[in-house]
Amino acid sequence: MIPVSHILFLSATLFFIGMYGFVTRKNLITMLMALELMLNSVNINFVAFNKYLYPGKLDGIFFTIFIIAVAAAEAAVAISIIINLYRMHKTIDVGAATELKH
Amino acid sequence: MGGYEHTFWILFLPAISFVLLGLLGRKYFNKSAGLIGVFLLLLTTALSLYNAYQYFFVNGLVDGVYLKIDAFKFTWLTFSPGVSIDMGILLDPISVMMLVVVSSVSLMVHIFSLGYMKGEERFATYYSFLGLFTFAMLGLVVSSNLFQMYMFWELVGISSYLLIGFYFQRPSAVAASKKAFIVTRFADLGFLIGILMLAFYGGSLDFNTIIQHLSAHQSSEYLAATTASFLGVTALTWGLTLVFMGGAGKSAMFPLHVWLPDAMEGPTPVSALIHAATMVVAGVYLVARLFPLYALNGASLEIVLNVGLFTALFAAIIACTQTDIKRVLAYSTMSQIGFMMFALGVSGTQGEQGLGYTASMFHLFTHAFFKSLLFLGAGAVIHFVHSNEMKDMGGLRKWMPLTHVVFLVACLAIAGIPPFAGFFSKEEILLASYNKSLWVYTIALITSGLTAFYMFRLYFSIFWRKEYNGHSHPQEGSMSMKIPLIILAICSALVGFIPFGKFVSVDSQPQETHFHLMFSILPVILGVVGILIALLMYKKENDRPQSMAKAFGSFYRAAKNKFYMDELYLFVTKNIIFKWVGRPSAWFDRKVVDGSMNEIANLTLETSKAIKGMQSGKIQRYAMYFFGGIAFLIILFVYILK
Amino acid sequence: MNLSLLIIIPTIFSLLLLFVNGLKQVRTVSLIAAVLQFAISIFLTIQYFTEKTANKAAFLFEQNYQWFKTPNINYHVGVDGVSVAMIALTAFVILAGVLVSWKMEKLNKEFFFLLLFLSIGAYGFFISLDLFTMFFFLEVAVIPKFILIGIWGSGRKEFSAMKLILMLMAGSALIFVGLAGLYFNTSGNGSFDMLKIASDNISPELQRLFFPFVFIGFGIFTALFPFHTWVPDGHSSAPTAASMFLAGISMKLGGYGCLRAATYMMPEGAAFYSDAIIILACIGILYGAFATMMQTDLKYINAYSSVSHNGFVLLGIGLLTKTAITGAVLQMISHGLMTALFFAVIGMIYDRTHTREVVKMSGLLKITPFISSAFVIVGLVSLGLPGFSGFVAEMTVFMGGWQKGSMFYYVATIVACASIVVTAVYILRVIGSVIMGPLKVKGEKQVVYADATWYEKSSIVLLMAGILVVGILPFAVLRLIS
Amino acid sequence: MTAHQIIFYCLAALILITGLLSVTCPKVFRSAIFLLFSLIGIAGLYFWMEAEFIAAVQISVYVGGIVVIIIFSIFLTEQAGKETRSIHPVRTVFAVLAAFSGMILTYLTVLNYDFVESNEAFDLNIPRIGNAMVATGEGGFSLPFEVVSILLLAAMIGCIVVAMRSSISKPDEKKLTESITEIDKA
């Protein structure tokens, strides 16, 4: 029997791998991928909690489903922005995307 | 107490003169302003005289004393139950006497100014200021309330300020007016605090009530005032001394005298009225008014005595060395007020012992006449010579015979030569001081001799010494200038014969003034000697004065420079107050207080700039902040606040 | 007497101003508004006297309408003697301010609009019995000042406007914290009603906690040391009428607030902090006076002297005796009139000489006797000459201070007394160099040698009349405010 | 060690290794492929946890949808063969440190917390999910469902708008940016 904490370790590690990627990558697409990893690690947590701690309920499952839906939408929007950015600056380097500053 | 309704008008008429001429005079009757002023003052003087007649002769003595009468009184401002400023008119022998003195001298000055100030652009303004002064001074003398006196005291001060600075385009006049007001204001600070103390312990501001409360040895107020002490001195002594400080400022007692000589920058008739006859004796009057308290409190009376005595001698010495005739007169005034002051200092409260009090008031009375005469005479001289300096004068007796005669009368009066007025009053003072102690008497005698010397030095320098060879042609003034001189000369010669003790005495009971023939010989001889020395030195041009000055050496130089009092004051104000208090506080305000406020603002700005730097637009940096924040929250909530 | 008239009339006229054009029409409308306010305030005073004899309530002419139900905020107005006096003061200053600005060239419509707007705030503040309403009107009276200084000012006007508004806003913030504290600690559901809060007897600990907020907040308005630094900058940059308002009324908002919102509602808090207030007030008095001595700009001189004079207000409030508080109120009235007059005269002098530097001009009495005489007289008022309002007020404070009867209060009173000498020094220095002496105006070419015009004269006479009434008939004023 | 456990650790190793490779691999396309494997591994984990429905969603949405979009975008932005710019080594070190310290913090937190595992059976059948999804009462998720659908709609519209506007307003924006920078400098 695997204790729930092991699954949590797994998800935490995955989360920080994602975080590392998010922080170190310069390319917007790879940053997006790191983000996906982080979202997935959260999903693992939700499912694990639901299964091991509150098997009678469905909250964790639903969170997972919604997160997946939102992630899909987010990925779509992000990709459209990235492509847009690419059209404007001919690059998708994160350093170029500083319009937010203004 | 009926029959005194007219006293209200004594005060009110000069006030009308002030308001009327001040508001409308300049525009509508600049030329006739003088006549209006004179007319109103004439009425005032007549009323004062009538009032004196009414008080002393018609109502007269009741059970052997002159009563204190509240002719008029209403509550002006209530501070707390019992303590209120009342506006009132208090009639007692000294106030009735002062009413006469002030209004008649003021009238003389009003008349004299008709000629003296003729053609002046601000003629009406001048008369309105005179009206203000007269009103304030009359209000001061009839005050029934300590605070009322303080108010009129201030008003007198401000009218003096305005009149000294009347020639406002002369920087020296402006400086003098400023100095006069600030020095007396500083003294008034003491007066004010003294009033607060007396009011607190006396439980009232009314003169009679305060005196009643604080002079009864058994009363709770007296006990409270004498048991409370600060620096080992009782509260009562503190209060009285502080009040005396106010009086000393106004009366130009050492060391608060520095303003008086400079005040001579004002028009000469003003000097005659304010800085010789009336305002400067207000300090004496104040002490006389509170005399029962001073007499009971030995320490403060001692201060009055010593300050008065020292000033009398000090000023007389300086007067011998000055060359500006108005300054000589100013120092002589200081010296004479010193006489009055120490006469109060040697007085007791009852009967014969109260001789000093009577003598002081008597001297105040006679001095008002001969000193204003001296000033007006000097004014007449200055008016035609256009200079204040002795060296520009000399030999004027041929040109101005009338002025010469009246000046001589006044000089004899102040020198104490019988039968002129000064003789009688000075005799009484000397007698009173002889009764007190020998050294007081000695100093008083020396001062008296010096007085004769410097007055005749002045007299000979102006009227004899040499033939007049100035550019202008001195001549006698118009009638308006002659009449006051004549009237005052007659008064100076004759008022000494008034049996003053019958009217004014410390316990309001008439007293016989005993005349000691033997006793009066010594002072008269001294006076004559003084005159003779002056005669030798100044009648003809010679080099005796120079050799005399050389003989005294540095002492002469010090006296000539007024013992460097002005320099001392200048040092204190300029170098200490301005440099070490004023400038640092201005600096402190701009740099430290305001600076810290600005720093707070700057800090906000800087912080916002720093935070703005965080808003870099770099997503990854935001992510780091985000994770850092979460880590912080986790640590905070899971580990620290568990 | 409907107190709301005091708010309604300026509101109507300020709206009316928006529909008229040209300087002539604008100033006529403003003058009518100011005169109407003046008439109302006089009428109110008379009404108050008659009503007071019949009605013994603490506040007269009360009106109470609900404003916001849930947080229990009411439009609750009413007056006692102090507020009546303050309202009269406001009417005086506004009328004089309109007269002084008679020739306002730049954006006159907006200028007069803001001036009337300020008066709404001031009246509203003085009649409010609900703390929230009071706070609301306080802000109404603050914000136009920023614009007035920023647009019509002189010198470093943006800086000064910013500084003034930031400091006053900081004060407001403190006040609001205090008021909220009171609000949540009243019995029942929380109330901003002053009468209720005052009768609720909030516990001493809470009073001690909230008193400093309210007091320092209002203290900033009334130049409490060390929060007075907005005064010199703000005053010196403001246009004449705004300076008059700022010093004449705005600083009184603070004094009134200290009295009404802080001391009246938290007596125990006031007693606890009394010594601290006295010390700060004394520092302000003496130190303001010394700082004034070194100033060379006329407006700075008056601004610093305002710091010094307002110290008397705070001292009176801090002493907490009846006499002293009466003195504080008298000083508020006196200083309001005096300083408004002072600024008006300084403005007139500036209009002629185009300089405010003391050293650059002298001997003005020669060319402008009326204005110069007014300057001398207002100087004398400032140094506390008997017969004028300043004397009455200061003496009442001194007397109140001395009657507390212990060494600490003696020293405080003596320190305060000492300021009258320093005041004399700086006032006479200014008079001596500006008004007296040989005539000269240095470095300015377009000097206009003309004496006062009718509108200047009337504003001077108006304020002077107020000063004299307080100075000569203090017993009448005392009957009103005691 | 049971097979159950062994499978878990294998899956964990797969997920972590491919995940790590995906964030470190310099070539963009390759890291997308590693991401794909990682996501598949996570789907496997869901199977392992008997959450078959989630696993299916994971595969269809992530593996079939998102990763495909990502790969498309890589092609569209001509990044396929490119290597990403390497970042400053100091920042890498800091990022590693930050990640490790975060991990340690999380581990400690997890270790210190006593999870009370329930013994109930975990029954996740699809009809149950479907019913809960549209139910409005207790335990129903119809409101979040609606919210998510609106979000998706908004996201789609947003995508279209963003993609459309760029080509039209490009010059204007540049101008705007310039003027803003000028103002800032001033």
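A, B, C and D are the chain letters, set down in written order, and residue numbers restart from 1 in every chain.
As a convention for this text, a contact is a pair of C-beta atoms (placed from the backbone, for glycine too) under 8 Å apart; a residue touches a chain by one contact, two chains touch by 3 or more.
Remember, predicted model here, so these are calculated numbers, not experimental data.
Novice: Quick one: most central chain, C-alpha centroids?
Specialist: So the chain sitting closest to the middle is C.
Novice: Please report how many Å separate the Cα centroid of chain B from that of chain C, as a whole number.
Specialist: Centre-to-centre distance between chain B and chain C: 37 Å.
Novice: Centroid from C-alpha atoms only, then distance chain B to chain D, rounded to Å. What do you get?
Specialist: 97
Novice: Go ahead and note the Å separation of the Cα centroids belonging to chain A and chain D.
Specialist: 3
Novice: Could you give the separation in Å between the centres of chain A and chain B, each centre being the mean of its C-alpha atoms?
Specialist: Their C-alpha centroids are separated by 94 Å.
Novice: Got the chain D residues that touch at least 2 other chains?
Specialist: 98, 102
Novice: Give the residues of chain B that touch two or more other chains, as numbers and ranges in rising order.
Specialist: 624, 627
Novice: Check each residue of chain C and list the ones that touch at least two other chains.
Specialist: none
Novice: Please list, in label order, each pair of chains that touches.
Specialist: Pairs satisfying the touch definition: A-B, A-D, B-C, B-D.
Novice: Going by the contact rule at the top, pick out the chain B residues touching chain A in the complex.
Specialist: By the definition above, chain B touches chain A via 615-620, 623-624, 627.
Novice: Within the complex, which stretch of chain B touches chain C?
Specialist: The contact residues of chain B facing chain C are 26, 75-80, 83, 85, 147, 150-152, 154-155, 158, 161, 165, 168-169, 171, 173-175, 177-178, 181-182, 185-186, 188-189, 192-193, 196-197, 199-200, 230, 577-578, 581-583, 585-586, 588-589, 593-594, 596-598, 601.
Novice: For a test of understanding, state which residues of chain D touch chain A in their complex under the given definition.
Specialist: 4-5, 8, 12, 15-16, 19-20, 22-24, 28, 31-32, 35, 38-39, 42, 45-46, 49-51, 53-54, 57-58, 61-62, 65-66, 69-70, 72-74, 76-77, 79, 84-85, 87, 91-92, 95-96, 98-100, 102-103, 106-107, 110-111, 115-118, 120-124, 128-129, 132-133, 139, 141, 144, 148, 151-152, 155-156, 158-159, 162-163, 166-167, 170, 173, 177, 180-181, 184
Novice: Along chain A, where are the residues that touch chain D in the complex?
Specialist: 1-10, 12-21, 23-27, 29-30, 32-34, 36-37, 40, 43-44, 47-48, 50-58, 61-62, 64-66, 68-77, 79-84, 86-88, 92-93, 99, 102
Novice: Which residues of chain A touch chain B in their complex?
Specialist: Going by the criterion above, the answer is residues 19, 22-23, 31, 94-95, 97-102.
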